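Quick heads-up: structures coming right below.
In the two complexes that follow, subunit A is the common piece, with subunit B as its partner first and subunit C second.
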Partner chain A sequence: MKRTLPILITFVVGVIMVGEFFIPHWRYRALTGEMLEWGIILAAGAFILGLINLVQVHLPTVVQRGTDWGYKAVLLVSLAVTLTMGFANGKERLASGMEATFSYKWIFDFVYTPLSATMFALLAFYIASAGFRAFRARNAEATLLLVAAALVMFASVPIGEGVPVIGEYLVVLKDWTLDVPNNAARRAIFIGAALGAISTGLRVILGLERSHLGGE
Partner chain B sequence: MLDLLIRFQNMDRRWVFLGMALAIVLPMLVPFSLPFKVDQRVQDLYDRVEALEAGDTVYISADFDPGSRPELEPFFRTHLHHLFRQDVRVVMGTLWATAPPLVKPILEDIAQEYGKEYGKDWTFLGYVEGKELAIKSLGQSVRKTYPLDDRGNKTADLAVMAGLDAMRDFDILTSVSAGFPGTQAFVLQIQGQYNLEMASACTAVSAPDYIPYYQSGQLFGLSGGMPGSAQYEKLVYASVPPEKRPRLPATSGMNVLSIGHLYIIILLLLGNLAFFLTRGGEEN
Partner chain C sequence: MDLLAITGLLLSIFLTLAILSFLFDDNPIYKFAEHLFMGVGIGIGTIEIYYGVFQPKLILPLLEEHRLLSIFPLLLLVLLFAKVTRKHQDWARIPIAFIVAAFAGVKLTGEANGRLLEQVRASMPDLQQLYETSGWWDWDNGGAGVISGLVLVLGLCACLLHFYFSARHNRPMRTISRIGILTLMLSFGASFGFTVMGRISLAIGRAEALLGLDQPNTLIQLGSMEVHRMTATRWMTVGTLLLIIVSIAALRRRTAPDSSTS
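Right, the complex of A and B next:
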């Protein structure tokens, strides 16, 4: 029963949702709409599970002064502070149309935004370093990749477009690379992934794939 | 010579970092302007928005965060200017928890600039969790997915939502997307099913992924990364006299991008040159 019931629920919900594509009737759409709403509520509820899980995983390490306990303490303190600030004056915030409380906005603008932007900006430095050290034309495939990457990078910016005489042709070649070989490969990947998703979806709906229920 | 090349190949990576820092900072300190052409994908996006009539409706899904801000915020701002200039009604929501504090003030400022009234000409529905489920639900009913807007008003009661519920009721759907959930999830979940007119502004790294959707007609326009944003700025502000134009961040960022890309290409060339020249020596 412990396994049969989830499999049965998966089957019924899966069949109803797939049916939406074939039954364009408003009553049927109302049913699937209701199910989607349940799904959204469950997904939002998963945040609470995530919160509990985060505390369960990190708090014992902090208490026992385990490996990297300092980082974990920072994580938990940040979580508590952001959560408290996020909930503070919730009703007034909605009524006034303010985006958030001052403290929450301050955390977003002066802690989260710079940290997030810094992480993303560091990529430029690591790409430069990795490209210089590891991107070598060791064989035909690597050479092709190297030439395509350099061409697309160079012709995508004004300095490449503006090269006298050849700039125009570089852009045409770059567009061709993106529109023809890139698209051919992407489509093959998309179609392969879609077939895989259909097959996995069918296996889940029919109860043949049970790894999401734990074990096996 | 061989020793020098081997040393060059193995130089401390902090020198590479320093060079990159200079490639970014110098074009900012010494501004210059390089001309660039507009890609057909961006031109199509612009043309479709230009063809909108007063009172038409656009749904924007603003799914980006501070990390992708330099690439996508310029497009987002310019798109809002473009839409309000066309007297189009704008409904905006987001599927990213980190987006509201970033996108809502921008929408408010630009709407105010054009004298647009909240609830009548535009609204912000806020953030909804559920990722693909939420997208699927938006396809069926925006009102049910967002029963309340960001200010706690009933979405169904807003004048801007009059006659609008399912996503296909909107004239255009614009996905400003920095990843998942974003453009790809919209295309897979609802664009095909409801045959929506959809455009995308995405990060440069995602653009090659979405070009097949543009070629197949699933996206009527596509703006990729900072170059796409700069091209869109160029089109939207072409009719505005230079002295009346706001600061165009993507256009000025193109100089930084140019020098940054050039620097990486030079590193690639030098790295490979040193590799080939020293390969024989190292083997010996």
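Right, the complex of A and C next:
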């Protein structure tokens, strides 16, 4: 019963959702639309479940002064403050002018935005350093990888565009590389991924794939 | 400029430099900023989920519109939260099965229709029309033309055949597969370059913020003094940088004897 009922629900819900493609009637659309809304609510609920789990994991460490308890306290306090300000500010939380007081918008503008932008900017240094180590023109494939990356990077900056005579051609070649061979490879990957998603979806609906239900 | 705005500016400079301090080494100031980022990020995610999903799709329909159908997702949500209890966690399998099935069903038809068919359709250029509009190759039109159309189709077919592992890779297959690999390498290189440029733009944005170039250089009131915003930002950056360097050095000196004794 622990697994039979969920497998049955998976099958019924999956078949109903797939049926929308074959039954283009507004009543049926309304049914699948409603079920999709429930799915969105449950997916949001799963995020909250993750939040509860995070608190369950970190709070005991802080209370018992375990390893790295100070950092975990920072995490929990910042989480609590953000939640409090978010609920206190309500629908006006992101309105212009809210940053003038200590508010959710203030936290968003002066804490979250610089942190997230710098976190991603930090990757620039690591990607460049990894690329420097990995890009060696050992064979034709590696050379092509190196040339394409160098072309896109060089032709994207003013110094590349401004090279006499060949500058404008470099920009056209960069755009062409991104639009044509890049698109060909990406489409091949997308087609492969779509075939994979279809087969996995079928396996889930038919109950052949049960890993999402966990162990016994 | 009031105290809160100055505090915000100073805090954003500190947090930017704290994250960048990881380039030197993993240190307590970076860890502090990292955990702060996680806490605030999760908090913002939760708030946006509440106001974007729970309130309009569940709470308002239930409490204000008295929509009885909304009891079902509430019930499923309660079952989902049974996951946190050890005794009743098996009940959470029902909503999990619902989520997985709903999205698997949508993905199945969505991927087939949106990705598979659309991608194949978009990869079949009208060569006759391409020749009439751009000829074989048009430098003024980003290299559009018959050659580009052929490279697109042949590159796509070669990549697909390269991934066709169940076919025996004899000599013609190996040649086609190699063309596929070369197309993939071109694509990976271009994507890598594009990603690096995107990340560097972000780094430039942060550098501009640290140098005060991201805002108009207006006169601001700092206590009794009137200074240009850019000058104030740069002094704050230098001061914060020195503070971070001194703090990291002090923390290292404090932990060094502990590690040597252990």
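Operating definition for what follows: the second predicted complex is superposed on the first by the 184 of 216 C-alpha atoms of A that agree within 3 Å, B and C clash if a C-alpha of one lies under 4 Å from a C-alpha of the other, contacts with A are read in each partner's own complex, and residues count from 1 in each chain.
Methods note: contacts are C-beta pairs under 8 Å (C-beta built on N, C-alpha and C of every residue); 3 or more make two chains touch, one makes a residue touch a chain.
Everything quoted here is computed from the prediction, not taken from an experiment.
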Which superposed partner A:145 touches (first subunit B, second subunit C, both, neither): second
Which of subunit B and subunit C A:29 touches, first, second, both or neither: first
First, second, both or neither for A:192, with subunit B first and subunit C second: second
Subunit B versus subunit C as contact partner of A:117, first or second or both or neither: both
Broader residue contact with subunit A after superposition on the shared chain, subunit B or subunit C: C
First, second, both or neither for A:39, with subunit B first and subunit C second: both
Partner chain(s) touched by A:182 [first = subunit B, second = subunit C, both, neither]: both
Set of subunit A residues, in rising order, touched by both subunit B and subunit C: 21, 36-37, 39-40, 43-44, 47, 99-100, 104, 108-109, 112-114, 116-117, 119-120, 124-125, 127-128, 131, 146, 149-150, 153, 156-157, 178-179, 182-183, 186-187, 190
Subunit B residues touching subunit A - in the complex, by the definition given at the top: 9, 13, 16-17, 19-21, 24, 34-37, 65-70, 98, 100-102, 104-105, 118, 128-131, 133-134, 136-137, 140-141, 144-145, 150-152, 193, 204, 208-209, 211-212, 215, 227, 254-255, 257-265, 267-272, 275-276
Touching residues on subunit A, where the partner in the complex is subunit B: 21, 29, 32-33, 36-37, 39-40, 43-44, 47, 94-95, 97, 99-100, 104-105, 108-109, 112-114, 116-117, 119-120, 124-125, 127-129, 131-133, 135-137, 146, 149-150, 153-154, 156-162, 171, 178-179, 182-183, 186-187, 190
Parts of subunit C lying in touch with subunit A, wherever the complex brings them together: 2, 4-5, 7-9, 11-13, 15-16, 19-20, 22-23, 31-47, 49-51, 53-54, 57-58, 69, 72-73, 76-77, 80-81, 83-84, 90, 93-109, 111-113, 115-116, 119-120, 122-123, 139, 142-143, 148, 151-156, 159-160, 163, 180-197, 199-200, 202-203, 205-206, 209
